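Written out below as structure tokens is the structure these notes cover.
Just so it is clear, A, B, C and D label the chains in written order, and each chain counts residues from 1 on its own.
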Amino acid sequence: MRVGVLTGGGDCPGLNAVIRAIVRKGTQEYDNEFIGFRDGWRGPLEGAVRPLDIPSVRGILPRGGTILGSSRTNPFKVDDGVRRVKETLAEFEVDALVAIGGEDTLGVAAKLWAEHDVRCVGVPKTIDNDLNATDYTFGFDTAVNIATEAIDRLHTTAESHMRVLVVEVMGRHAGWIALHAGLAGGANVILIPEQRFDVDQVCEWVRTRFRTHYAPIVVVAEGAMPKEGELIVKEDELDAFGHVRLSGVGDWLAKEIQKRTGKEARTSVLGHIQRGGTPSAFDRWLATRFGLHAIEAVNEGDFGQMVALRGTDIVRVPLSEATAKLKTVDPKLYAEASVFFG
Amino acid sequence: MRVGVLTGGGDCPGLNAVIRAIVRKGTQEYDNEFIGFRDGWRGPLEGAVRPLDIPSVRGILPRGGTILGSSRTNPFKVDDGVRRVKETLAEFEVDALVAIGGEDTLGVAAKLWAEHDVRCVGVPKTIDNDLNATDYTFGFDTAVNIATEAIDRLHTTAESHMRVLVVEVMGRHAGWIALHAGLAGGANVILIPEQRFDVDQVCEWVRTRFRTHYAPIVVVAEGAMPKEGELIVKEDELDAFGHVRLSGVGDWLAKEIQKRTGKEARTSVLGHIQRGGTPSAFDRWLATRFGLHAIEAVNEGDFGQMVALRGTDIVRVPLSEATAKLKTVDPKLYAEASVFFG
Amino acid sequence: MRVGVLTGGGDCPGLNAVIRAIVRKGTQEYDNEFIGFRDGWRGPLEGAVRPLDIPSVRGILPRGGTILGSSRTNPFKVDDGVRRVKETLAEFEVDALVAIGGEDTLGVAAKLWAEHDVRCVGVPKTIDNDLNATDYTFGFDTAVNIATEAIDRLHTTAESHMRVLVVEVMGRHAGWIALHAGLAGGANVILIPEQRFDVDQVCEWVRTRFRTHYAPIVVVAEGAMPKEGELIVKEDELDAFGHVRLSGVGDWLAKEIQKRTGKEARTSVLGHIQRGGTPSAFDRWLATRFGLHAIEAVNEGDFGQMVALRGTDIVRVPLSEATAKLKTVDPKLYAEASVFFG
Amino acid sequence: MRVGVLTGGGDCPGLNAVIRAIVRKGTQEYDNEFIGFRDGWRGPLEGAVRPLDIPSVRGILPRGGTILGSSRTNPFKVDDGVRRVKETLAEFEVDALVAIGGEDTLGVAAKLWAEHDVRCVGVPKTIDNDLNATDYTFGFDTAVNIATEAIDRLHTTAESHMRVLVVEVMGRHAGWIALHAGLAGGANVILIPEQRFDVDQVCEWVRTRFRTHYAPIVVVAEGAMPKEGELIVKEDELDAFGHVRLSGVGDWLAKEIQKRTGKEARTSVLGHIQRGGTPSAFDRWLATRFGLHAIEAVNEGDFGQMVALRGTDIVRVPLSEATAKLKTVDPKLYAEASVFFG
């Protein structure tokens, strides 16, 4: 059996660990051959390939990024895309595909399998942990560790210097990184996209904290929004790519807190630092097991499935189900954390 | 309600996070008062206490160790122990106890509740992750991260210098740390207590690895034992405390590999480094949630229970059940990992 | 002898290590007594003190921040300030002062000694490493390590995802952090305050880098300025504290690069993360030795001096000299690094 | 000009950084060509080479180990060795050699230049920092950071669990790592090879420490020896390679402390973990600058020289001088640190 592998979407620590596990187990236990497609769905679309065998995956386990490259190319949005993908698969005699990616990448896999008989197995990937079908996605634990370590560093300043310290972390639609890192880091305020925040309430928590002679640390997800409907970013401040990061909520909030409380505020914006570098042990474990189970599914002919974590088990769920709904932060969990606010 | 808190057994990152969560939520949401018992069950036994309120738990979240101290004191092994414990609780007007500890500490709590009506709630703690009733215990993820980072460091030497590198990690009865860190670190051999190892097989893997021009890394749990029944430690090499660490399996194995393969071998013995220092984000999250749910159980009067992790939920299980059986590594999981051996 | 100790200015990892070394050696070898002044020169000015003895410095070595607190209070800018300082010193029977701080804090010490006979010894502190009289200041190595680790994490993204990654690091007047972290992190462009940059040249390096199929990483000091004299920050964007951070050069540059090259750019702004947390081993070594030598100078009656590092030796230099000139990046060093640009 | 590069001796973080800097600057500024010799002096001896150009050094800066491999081969100890080296150099038209290594590797270079006109420039490398001609060698700061982090982790256990914690670090002939990491880590006892230790004195410090209700941490260099002349290792316990590590001083000392004080003791033996993994920022900076200045010396025809650090400057010193004398810990420095003992 000849298996194609591709990785799509944003960077996420653990991609290489998945690839390595697939190739090791596939080669040794099932005698599979592999083809690496470059840059996500661009690979099958344009016939961009690279060799993929055991020597080529040696040493990649602890490395962030992906040796296959990535892109956001979607064959369904390209003229004749599906036909071209199928031609490439035929040309390289690819029997099945493992697609590693987030909602978009797996959505393509789901549709290719459901509507075009392309034999696909999916491996979920999102640093934001917002996929409904799995307890956790790899990359998330690494991001949370990085953000937590950043918050830790701010604490010593908060103990001795009276400043408001704002940390902006990733999470455009779901606040998982903010919630976990904020709780693990002992933040005094955690703001997530799921719940619009009230700047005056934030300022109240800030003032409460100062009364303990210890400065406040505010963790804010990049997608968090103020209640009052104030526009953080005007239309014309969006860049060509529609991203707002360039004048983000962290800076805006720091300015507002300064203005309203009269206390100096400082911002750290972690940005892509959360997406790169070596994966945490948990993420390597999860990514490796995802890879082992994905290639097992391929060799059992169980297509249209995605691997997922349930408790300590790796299970399979239909790709269609997996990409159906965003997993946002449960209000009960957020309420549980709020005992530490202020 | 006045609640006593104690921590027993070996060190484990996350103990302070549990204590802090209990005190924060108990004080703020239930108006509980707290008493800290010193050094595990020695506290209630001898009336050794310390104040425990919100100011006293400030800043302890990221700190390893336990502000309450610890010991292996068991009131059931002390003359009149139970009566003395009950007297202390009466003296300090303690309505309920939260016991944070491993099999021994929780075993005492289970028996005190079942047989002596002492109102206890348990929080499981073992760095070895060998408690049956919970998916994970806090401290484990930190230990695995530390061991993985150590293995990572050995890889660069393995790439450029032809030496066998042996790492001895914790795990006297269960191989969880060795398995997770070995898999996450890309070890070439992983040896666990659950399965006696064959030194010749290990040497064969070592030789295989050298043929890839890359030196082997061998991860061995401190409790792993060779098949051939060779005594690693003679009776008289046991120290006064019955511990064998002082001439452990790592050094023994390195010597054997040198002797049998003629290749230079080096050992690293991580020891207590795996037990200390700041907890990982995952462990802080888990420990904090354990604390929040334990004090909730106390205030709901649900005694004789232990908090546990199931998937992403915190649940309650009877203390008696929790301490009944050691959770060892499933042979299937070990087999899954063996694709990376050699 | 009774010695007062104070810490002034911004946060800097290693302050506690200095305090601990002073107290340990002073108490044990010279039988000194100590008084901790709170919040820099505010302590002597307002008589704000705290006890300072061996138990109170236990465990603080690895902790960032300062147990004495800090401020930017300057007694020379306060009515009757010098007299009030001298009264406090008389009241608490303080024989000598150790002032730990940057240009401002040490400038006060220099003047108090030179003009008012207040017996002072200085310990230099600046995360920016821009003090002329010493090879290095503590805190700098920690900041460089943090920034380097951040750049490391971006590399894996740069290898697999075609984005321009901009990192803004500290350094308002001197580019030492940017230069060292940029070189250590393998940045493709390093921009420092000492040399105005040409955005078109930066874009040229960015394009060159993309041709190697590897995305560029741009390290920019917060005080770096474009050549063309474009105002990055308009007057009215300065906050009440005169700081420009809230819409800094990193974001500005990322926007310009996007506009001019058409490539997506992302920014990370490390901010105060560089100032906090546990000091690196080098900084603990340096801070500890500074403390040991400062208290030695006090007990030898060698006032008006500052400790400094020369090679591997701790020496003394006059306070007046030390604070006279900013140490900026030597153009030759910057040129040496430029072999890695593009 | 065609330049050969080789790395010899034990592993040391920063080797790749040196290689990269040499190749980048040599290629870009001097139009040099490069040849990589494999495995130290085995390369020139046996004609074992690999290509070495800018693409081949891309991405290696943060990686431990050496892409050129290493060995302890000495052409002067091999029949006809020098003639064979010269033949290889002639065959590959190598005009000059950069040898990166410790005493042995550089000793060969010194002799080849002095006695056989082989044009060599040296770059000093020793994790132990025991080279006399330079303030620091790269790799040392990394090793100290790793050992310090390990000690940090033990502190939380020392705060809450009453055990003696012994850490064995590298340093067979010089105690630099033990001294720096012990001081930076706040160890209570530091034992170095330069000064035989008195076990009873160590036990006295251990007892003193316990009286502060805080357990002692003992840092011992692998080459440290007890005063009483007790043989730690009997002749027949030396392995085939003459190494004693396999039953080292750390375990021996822990046993003795247990026996004499009745307190439980635990050992961590860091071993090769100190030699591998990514270099610290300082070591990358130093290694990079060493590389830049070495290739400059080559192109200026200044042979028989070694680059060295003096303060913040890179200077050149004769190879003969550099390898003449071991730099051991100055008794004054050790005395300075002893204020923290006990």
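The rule is short, and it goes like this: a contact is a pair of C-beta atoms (placed from the backbone, for glycine too) under 8 Å apart; a residue touches a chain by one contact, two chains touch by 3 or more.
Computed from a prediction, not measured in an experiment: that's the story for all the values here.
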Exercise. Which neighbours does chain C have in common with chain D?
Worked result: none
Exercise. Quick one: chain A and chain B, Cα centre-to-centre, how many Å?
Worked result: 30
Seminar exercise, completed: dist(centroid_CA(chain B), centroid_CA(chain D)) in Å evaluates to 34
Problem set entry | Whole-Å separation of chain centres (CA-atom averages), chain A against chain D | 40
For this session: Note the residues in chain A that touch 2 or more other chains, in rising order.
Result: 152, 155, 159
Exercise. Looking at which chains touch, is this a line, ring, star, complete or other?
Worked result: ring
Seminar exercise, completed: Interface with chain C, chain A side, in the complex: residues 10-11, 13, 15, 63-70, 146, 149-150, 152-161, 163, 165, 239-241, 243, 245-247, 251, 254-255, 258, 264, 266-277
Problem set entry | chain B-touching residues of chain A, taken from the complex the two chains share | 24-25, 28-29, 58-59, 61-62, 135-136, 141, 144-145, 147-148, 152, 155, 159, 180-181, 183-186, 212, 214, 278, 280-282, 284-285, 288-289, 292, 310-312, 336, 339-340
